[in-house]
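What follows are several structures.
Look at the two complexes coming up: chain A is in both, with chain B in one and chain C in the other.
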Partner chain A sequence: MDPYLVSVLSNIGMISFIALSAYLLLLTGEISFGQQAYFAISAYGSGIATAMWGWPFWAGLLWGATLAGLAATLVAIPTLRLRGLYFSIATLAFAEMVRLVFEIFTYQVEIDGELVGPDGSDGFRDIRYIYDSNVTAFEYMLVIYGLLALVLIGFFVLERARLGSVFRMIGEDPMLTEMQGLNATAYKVLAAAMAGVIAGIGGGLYAHLTTYVEPKIFNVMLGVHSLAYGLIGGLGTALGPLLGVGIDIGFLESIRAISGYRMIVFGGLVAVLLIIRPRGILDEATVHWLRRRWRRWIHAQD
Partner chain B sequence: MVDFIQNCLDGVMVGSSYALLAIGFTLIFGVMRRLNLSYGPSIMLGAFVGTLVYLEFQMGGFAVAVATVIGAVLAGIYVERLCFWAIRQGAAVASMVSSFAIWMQLEEIVTVFFPERTYPFPPLADRTAIEIGPFFLKLENLIMFACAAGLTVLLQVLLYRTRFGLALRAVSENPRAARFMGINIGRVTFWAFALASALGGVAAYLIIGTDAQITPLFGLWATFKGLIAMMLGGMGSIPGAILGGLLLGVVEAQSTWYLGTEYRDLAAYALLFLFLVFRPGGLMGQVAAERERAALRRV
Partner chain C sequence: MLELKVLSKHFGGVRAVDDLSLAVEKGQIFGLIGPNGSGKSTTVNLICGVFPVTSGRVLLDGKDITRAQPHQTLAAGIARTFQNIRLFGQLTVWQNLWVAQNGLEDRQRENFLRRWMSGNRRARESVEELLEFSGLADKRDALARNLAFGEQRRLELARALSAKPKLLLLDEPAAGMNLEEVGALDDRLRKIQDRGVTILLVEHVMDLVMGVTDRIAVLNFGKKIAEGTPAEIQDDPAVQEAYLGGAGGRRAAAAG
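Up next, the complex of A and B:
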């Protein structure tokens, strides 16, 4: 495959994780500006594990995602008592704190006569595990999409399971959920922890693909973008955020010809789209309609 | 001790500009209950209109200020029509994401026309420092503080002594009741937006005038400083926005002095996080927050 295409597709895959993590919280009715924090925590955590402690890739990725999930849980417990915008701003404040701490955070060890490790605002170089083990860019892309497929299967199971219904119910009306005898806050904390793990998988993959992470990548722009993807693509299905990422990265890459004006066109398009479809392209009603058509088509085949 | 007081003075001076930004934010939020992320970028666009007037026509301070305000108001109206008026009432998240998309758009428009990193802006005053006992005050900061105080008084008169002010307060208190009283919500929202953008334009002129240079990053900066100051003070409260702005300014000045520049933003965000967790209503909004919580408990 064309290396350029591989790099674009890998990017789409990695960003999809953080978009899915923001989407999961959107299902429960919470707007998070801060999912980039867990992306960052896992990028650093898994990078430190493989590059500095000599762990294998999978152990490092697991460790990073676990760290991200733990951090998300710890943040969710005090902040999810807050409603609406207060929660959004609290996640924003936390994510910026994480970024600014990484701007200061220095932890280096000497490996083969060279200093390896995060070095404050200079970033964290040489997370070389993938290159040292001779994994090609194409193979790594398959790893990314394999994991993405697993997460998507998880989402589809979730949508059919009771838990998914509870999440959507909390998103519709938390008070009604409480009246059913369900602890809405506990479910939200669970959703936040799962969202943290998903963002964390993306972060670990990201650090190993680029081999270099620096704090300023994980700024609030990444967080707001990942939130926007779900809303552009649609809140009806987990494919919505993927569609959003595909439209943004795919579309922007394909019309490089008008580079310099891309955001002017794209920003306007998104604004108009949200006027017509405030819950995105694949919103709940559309997904429902598509499913019905699909079932009818299956029946017609019999 | 002298250092501490000097920092407080500096903080209050800088904080007065944050307060102006926060007032604009809080006006829009109070009326709409929706967040306008594009607030900073739209006043940034206004400031670049000011720069254009300054560079192309060599006009002085007053003309630049007028151009900045006009530009900011026009950009603000564009945002209001596209992201708030056109999207139905319930879809608050869609409005917010839409305002973010327009943020990207405005920033790109500016960078297309102004490709350099920074552009000159007419300085507010020559760099003279005024000495009062052991303390120093910069002239431009004093001007900024005086303008902010003056505007706050004007705004207070507008909100509490005019029919428009009454309508605006009615809409922010209870939109449905306001509609039953015959208030045209769409029109009030429109003018509140224009007013907030005009205030933002003045704030931008004052802040950028102190630096005597402007960058497209000002949009991001203004949105976040205004947002933090508003949240510290309490959403929807004008006295809160002022106190929040001043508090933010003082905390930044103190943490820069005692901890170093790299800790300045960290301290500001940590303060915001702690405020949200322990006192989500902010300095002044606590009463409203408590009332809301009590109502929820009763249900």
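Up next, the complex of A and C:
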């Protein structure tokens, strides 16, 4: 496979995790500008585990995702008491705080005569586990998509389960959800924790793909993009944010002729869609319609 | 069953509910009527825990639920409908009923995983039964927001029943209905009563209230001005005055 294509596809896969993470919170009606914080926490956490502590890749990834989930839970408990805009501001502030902490975070050990570990704003080099294990870029891409498939299956199960409906109920009318006997705040904390883990998986994969992370990657633009993916692609199904990522990275960023105008086109796209399709291309009504069509088609086959 | 003890709610200087005491017996359909702004909906909201009370107590089967949160009052056995219909428009009719099974009985029967995955067969059967009861069986896969007005009202009532409540609070369920629909509602309320559910009915449509209730309390400016059987209420001079603002024909008062 063409190396450029592999790198684009790997990027799409990794960014899909953070897009799904923001999407999960959007389902519960919360707009988070701060999912990049959990992406960053896991990128650093899993990198430290494999490069400095000698852990195997999977253990490092699990550790990173767990850290991200814990951080998300701790942040969610106080901030989800805030409503609407205030929650968004709080997530933004927290993510910037995390980034600034990584700007000064230095923790290095000597391995084979070389210093390894995060070095403040110079970043964290030599997260070489994948590189040293002779995993090719193509194989690593398969790892990314394998995990993405697992997360997507999780989302599809969730959508069919009561829990998924509860998340959507909270997004539509939290007070009414409370009056259905459900503690909306507790469910939001659960959603935030799950979103943190999902962003964390992406972060761990990212660190091991690039072998190098630095704090400035995890700036607000990453959070804004991950939020926009769900809003563009649609909030009716977990495939919506993936469509958003595909449009942005697969199309706008990767086609070189237009890549210079990426931000202009992307911003315009968000603005236009918010007006004509406020809940994205694959919104609930479209998904519902497609599902009915599909069911009728299945019936017709019998 | 339900007891309100000198219950008050003040919004700033406005006494929306003022020293209200009443007792609803088990199995009754209890009517709560009064002119606009007399505190009926506020009373419902106080019972459900939507607003904190200013003073007084709410007892359900002798248990104090004054400070219960909305999600706790449902678990305690109180379900409600709304004056302006509130449904989850993005969910289907079936899902609206399915996710509302959060009453005490369901919580005890199903374990955590079951509750949040699919629910068991009995849960699905009870949705089917409610779809039949409300005449919504052929609309099960429609999104709630695409239903006609009357269907939305029926779905809201079915959803409240989905929690298998002991007490049902209905906030103007007949608002916007035509005579035929009111007749069907009357019928449905009696069937619900036959299942052993107690009903507190807030309503303006006097044909319904006078026909279906066992007992009625009348509010005016947050205070209870009368209580009695439908016949007693129709003849009560204080009630006539509240509705007509002075001396007036009793027939007009009865017609609301």
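The rule is short, and it goes like this: the second predicted complex is superposed on the first by the 293 of 302 C-alpha atoms of A that agree within 3 Å, B and C clash if a C-alpha of one lies under 4 Å from a C-alpha of the other, contacts with A are read in each partner's own complex, and residues count from 1 in each chain.
By our rule, a contact is a pair of C-beta atoms (placed from the backbone, for glycine too) under 8 Å apart; a residue touches a chain by one contact, two chains touch by 3 or more.
What you see is a predicted model, and the numbers here were worked out from it, not measured in a lab.
In the superposition on chain A, contact of A:I264 is made with chain B only, not with chain C. By the touch criterion defined above, A:A93 reaches chain B but does not reach chain C. By the document's definition of touching, of the two partners only chain C reaches A:A285; chain B does not. Among chain B and chain C, the chain that touches a larger number of residues in chain A is B.
Looking at the shared chain after the overlay, A:L231 reaches chain B, while chain C stays out of its contact range. Once chain A of one complex is fitted onto chain A of the other, the partner contacts of A:Q301 are absent, as it touches neither chain B nor chain C.
In the superposition on chain A, contact of A:M175 is made with both chain B and chain C. In the superposition on chain A, the residues of chain A contacting both chain B and chain C are 175.
Note for the complex: chain B touches chain A at residues 35, 37, 82-83, 86-88, 90-91, 93-98, 100-109, 112, 224, 227-228, 231, 235, 262-263, 265-266, 269-270, 272-273, 276-277, 280, 296, 299. Within the complex formed with chain B, the chain A residues making contact are 26, 31, 78-79, 82, 85-86, 88-90, 93-94, 96-97, 100-101, 103-104, 121, 175, 220, 224, 227-228, 231-232, 260-264, 266-268, 270-272, 274-275, 278-279.
Interface residues of chain C, counted against chain A in their complex, comprise 48, 50, 69-75, 80, 86, 88-92, 95, 98-100, 102-103, 115-119, 141, 143, 159, 163. Interface residues of chain A facing chain C in the complex, by the touch rule stated above, are 157, 160-163, 165-166, 168-169, 172-173, 175-176, 178-184, 284-285, 288, 292.
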